[in-house]
Amino acid sequence: MSSRHKQLGIGGAAVLSSAFLFFVGIPYGISAPSNIRNIVLSPLFWPQILAGLIGLVGLGILVSAARAGAGETVTAGQDQTPDQAQSEPGNWLRLAVMTVILVVYLAAVPWIGLVWASIPAFIAVAFLIQTRHPKTAVIAAILVPLVLYAFFAHVAGVAVPQGEFVRLP
Amino acid sequence: MSFFDNLLLGWELVSNIESFLALAVGVVVGVIAGAIPGMSATMAVALTLPFTFALSPITGILLLLGVYKGGIFGGSIPAILIKTPGTPASSATILDGYPLAEKGQAGKALGMALYASCTADLISNLALILFAGWLASFALNFGPPEFFTLILFSLTIIAGVSGQSLLRGALSALMGLLLATIGLDLVYGTNRFNFNDPNLMGGLNFIAVLIGLFAIPEILTKVWDPRGNDGSTRQLGGNWVSFAEYRACFKSIVRGSVIGVFLGSIPGIGAAPSAFLSYSEARRKSPNRENFGKGELEGVAAAEAGNNGVAGATLIPLLALGVPGDVITAIIIGAFMIHGLQPGPLMFVTNADIIYGLFMGLIISSVILLLVGSVAIRAFRFVADIPRGVLFPAVLVLCVFGVFAVNNNIFDIGVMFAMGGLGFLMLRFDLPAAPFLIAFILGPLLEDNFRQSMLMSGGSPDVLVRGPITWVFWTMTVITVVAVVRAGFRNSKQATQN
Amino acid sequence: MKKMMVGALSALALGLTAGVAVAEYPERAVTMVIPYGPGGATDISARTLADPLGKVASKPLVMINKTGAGGATGSVAVQNAKKDGYTMLFARVGSHSVNPAMKATLPYTLDDFRFVGVYEINPVACAVEAGSDIKSMDDLIAKVKGSPGSVSYSSSGVGSLLHLAGAMVLREFGVEKPLEQATHIPLKGGGAAATAVLNGTATFICTNSSALASFVSNGQLRPLMVTTAEPVTGFDAPTSVDLGKPALQQLVGWTGIAGPAGMSDEVAEVWGKYLTEATADAGFLEKMQARGSVIRLMDPKESQDFINGQYKIFRALVDELGMRIEG
C-alpha cells in the first residue's frame, strides 16, 4: 500500500463518516430537548461542527493526495517504514486470532475471574508472537497474574473479579 | 515577622525524623504506584489518605505530597520502557522516551526524565513559596471565557505533534474530539452517543483510552510481524546522562517548568496538557526539530518538566484560595479538613507555621525525589532486558489489571481493547496518535467552557473577549495558526518543486 | 499441568464452600461500591465510616470507587449485582433522590435497591461571594425578580443536588419560573461549582454546608441561609424556619448504605447491627462532625420512608418546573 493509496483511503473514509454523522449518527445518537433557547447551547451544536470539520479535512487529504499523484512526486518513501510496506495473509490471520483471544479473554473475566482468564490469554499471546522462550513464558503466565492479583487485591484494595468457580484468598 | 523568620519556623517544624520518613515513604509509594499502568497518582494518594489520620497534620500532608510527586515521576518509567504511560501526565514522555528505549538508550531517557522532573519540581515549589498569593489572584480571574481561549490556544499544540502531515494530525484530533462527546450532555443532561448504556453514560474512561491507544497497538504490531525488530536487542546502555546533555536541555526544562507552574496554578487543567504544551514548545524552538518523535532527549526533558512543574503549583490555589485544582488536591484538602485545618487565605494567618513547614517539606521532597528516583531507575532497568516474547504478553495482562483497577469496571477493559484496534489502524494509516489524545483531553474542556460562557452571557459572544486575558490568548492563537498554516504551505510547495 | 492445578484448586474451593455453607453472613469480603470519585463528599464519608465498620464487621470490607454519570455507573453495578449481600452501595442524595426525580433515562429506580440505613445528614447552605451587594435572601429574590436573567447559580452538573437546590430555594421564595428568571450554570464537580461563585461566574450556590465551610470561615463567601431547622456551626445565617420556609427542611444531603432489591432479611439485619455500632464510634463522630455533617442513623424502614418522601417532593418540583430530562 503506497502512501498515496493510504491518503486516498483515509480521506475517503473521513468524508464518508462525516456524511454518516450528519444523516444518521447525530440525529439518532444524540437527543436534544425541544425547548432550547439558543442554538449554540444545543447538544447538537458541537458534534455538528466536528462532523463538518471531519468532512473538510477529509476533502483536504483527498485533494493533496490527488495533487501528489498528478505531480508524480514521491513523498511516499519517507513516511513508510519498511516493515509496514508488505502485508501477507499470515499477518491478517495472526491479527484475527489475536482478536479472538482478546474477545474470549474479555468474556471470560466475569465468568472465571481475572486471574484465571489472564493465564491462558498470556500463554496464547506468547505463542502467537512466536516467543523464543516458551518455558519462561508459561512460568511467567502463571506467576504474573498471581503477583498482580496479590498486589491489586491486597495492597491497592481493588475488588479484582473472582468469577464463579475458584476464589483466591 | 519576616518571610525568613517564617521559613525558619517552618524548618523547625519539619526538621525531624518523622517528616523526612513520611516524605521518603511517600515518594517511594508514589514512584511504585506511578510505575504501574492504571495505578495513577490519584489512586495512590486516595489509598494513602486513611494512613494520615493517625499522623500529625504536617507529617500526614507531607506523606500525601510525597506520594503525589513520586507518582508523577513514576509514570514516566513505563512510558519510556514499555510505551505504556503509568499516569496520564506521562503520555507526552512516550513520544521520545520510547524511541530512545528502542535505540538502547533507555538509561539516558530515564535519567533525563528524573533530572528534568526534579528541576521542574524545585522550580515549581519555589514559585509556590514566592508567588503563591500573586498567582492565586491571577488564577481567580479565570472564568469560563478565559478558559475557553486558553484551551483554544492549547489546541494549537496539535500542530506540534502531528508529524509530517498537518491534515492527518487534524483528522486524528477530530476523531479524539468526537469520541470525547460520548456521555451525558453538560447543560441538558441528555444522551450523547451512549445508546442508553449506563457504561457509556460516564463517557469513555480516559485511562482506558490512553493505554489502549499507546500500549496495545505495540502488542498488535508484534502480532502482525512477530519477527520484526527481533534481531535488535534492547539494553539500558551503560551511558548515563552527561552534564553537557543536561545543560543542552536546560532551557527547555525551565520553559517547561514555567508552563507547568502557570497551568498548575489555574484550577482544572492538570498535568497532561502542560506536558504536551511544554513538549511542543521545545520542538518549535529546537534546531533538531526533525528528530523530535524519533528519540530526542530534549523531548523527554521538556515533557517531564511540563508535568512535574504542575505538582508544586497545584498547591497554589489550594493553599491561597482553598480551591482544589484537580482530584489529587481535592483529596489533600480532605486531609487538611480531617485535622481541623481549613486551607484558604485565613490559614496564612492562623496556621502560618504549618504552611511554612509544608513549604520547607516541599523543597526537601525535590531532593528526596532525586535520590529515590535514581534507585528506582536502577531497580526497573531490568525490564528493558526481558525478551519481547515474554514482555509483551505480560504488558497486556498488566494493562488489563491496571485499567480494571482505575474504575473497577470490566467494561473499561473492552474500551481499552477497542481503542487498541483503532490505534493499530491509525498506525498502519500513518495517523499520529498524540493529537487524538490531546484532543480527547481538551475537547470537553473547550466545549464545556464555551457553553458555560454562553450561559453566563445569555448567548452573546461578546463575553469571549471580555478582558485582557482573553485578548492575549486570542492573539496568541491567531499568531500560532497563521505561522502553522504558512509553514504548511511552504512545505507543500517544496514537496511539489522537488 | 495447568488444568490439574485448576482442578485441584476448584476441588479445594468446593470443599471449603461445602464446609461453611451454614455459616452466617458474611463468609467473605464484602465489596462496597462508592459511586463517586476519590476526594468527594461521598468518598470521604464512606472511607471515614469504613474504619469503624471494619472493626465491627467479621470480614474485610473492600471500598471501591466506581465513578461516572452522576453516580449512575456505580449504582447500576450494584443494581445488577447478585443479591447475596456481597456487593453493597454507598447511596447518596444525588444518585438516589435527585437523579431518579429528574432523569427519565436513568437505568434504575428506587425500587431496585434495598436500603439498610441512612447514617448521615448534610445541611444545605446557600451563599454568595463575600463582596457581593446581596446581603440576604430578600436581596437575592429582589434581584431575581427585578432583573430576570441577571442572577445565575452554579452546580456540579445536571441532576446534582446543587442543580435542584438552587431551583427549589428560588421557587420556595416565590420566584414563579426559577429556571427562566435565573440561569443555571453546570460545572464539573463540587469544587468547580464553589470556585465559580468565588470568581464571579455565578451569583450564588446552594450546596452541602461542608463544601462551603472553609470558604465561609475564610471570609470568601457569605452564607445567606441554611435549610435545616437548627443553625449550623460556623454559618452566621438564618435557618429555613427563621425565614418562614419550613418546607426547605426537606432539602438536605444524606449518605446511606443499600444493597440490590431482593436481598435477604438476614443480610439487612446484620448491616443494621453493623451501622448501629459503627456510627456510635467516638472517632467517627468527631471526624464527621468536624466536617459539618449530622450523624443520625435511621433504621431500614425509616430510611426507605425518608428517601421516598424526599423523592416525591423533588419529583413534584421537577414536574412543576419542567426540569425532567426525557432524552
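Observations on the structure shown:
To keep things simple, chains are lettered A, B and C as they appear, and every chain counts its residues starting from 1.
By our rule, a residue touches a chain if its C-beta (ideal position, glycine included) is under 8 Å from a C-beta of that chain, and two chains touch if they have at least 3 such contacts.
If you're wondering where the values come from, they're calculated on a predicted model, not measured in any experiment.
Two chain pairs, A-B and A-C, are compared here, and A-B has more C-beta pairs in contact (counted per touch definition above). Of all chains shown, the one whose average CA position lies nearest the global CA mean is B. The centroid of the Cα atoms in subunit B and the matching centroid in subunit C are 31 Å apart. Between subunit A and subunit B the centroid-to-centroid distance comes to 23 Å (mean Cα coordinates, whole Å). Put simply, the C-alpha centre of subunit A and that of subunit C have 37 angstrom between them.
Touching of two or more other chains is recorded for residues 64, 325, 327 of subunit C. In subunit A, the residues touching two or more other chains are 31-33, 157-159. The residues of subunit B that reach two or more other chains are 43, 185, 187-188, 190-191, 408, 455, 458, listed in rising order.
Residues 3, 6, 9-10, 14, 21, 25, 29-33, 36-38, 40-41, 43, 46-47, 50-51, 53-54, 57-58, 60-61, 64, 67-68, 71, 73, 75, 78-79, 83-84, 91, 94-95, 98-99, 102, 105-106, 109-110, 114, 118, 121-123, 125-126, 128-133, 136-137, 140-141, 144-145, 148-149, 151-152, 156-161 of subunit A are the ones that touch subunit B when the two sit in their complex. By the touch criterion stated above, subunit B contacts subunit A in their complex at residues 33, 36, 39, 43, 47, 164-165, 167-168, 170-171, 174-175, 177-178, 181, 185, 187-188, 190-193, 195, 219-220, 222-229, 387-390, 392-394, 396-398, 400-401, 404-405, 408, 410, 413-414, 417, 421, 428-431, 447, 450-451, 454-455, 458-459, 492, 495-496, 498.
Against subunit C, the residues of subunit A that register as touching in their complex are 31-33, 35, 116, 119-120, 142, 157-159, 165-167. For subunit B in complex with subunit C, the residues that touch the partner chain are 42-43, 45-46, 49-50, 53, 140-144, 183-191, 196, 198-199, 201-203, 267-268, 321-324, 327-328, 330-331, 333-334, 337-338, 340, 342-347, 407-409, 448, 452, 455-456, 458. Within the complex formed with subunit B, the subunit C residues making contact are 33, 37-40, 43-44, 47-48, 50-51, 64-70, 72-73, 76-77, 102-103, 105, 107, 149, 152, 157-159, 183-188, 191-192, 194-196, 198-201, 213-215, 217-220, 287, 290-291, 325, 327.
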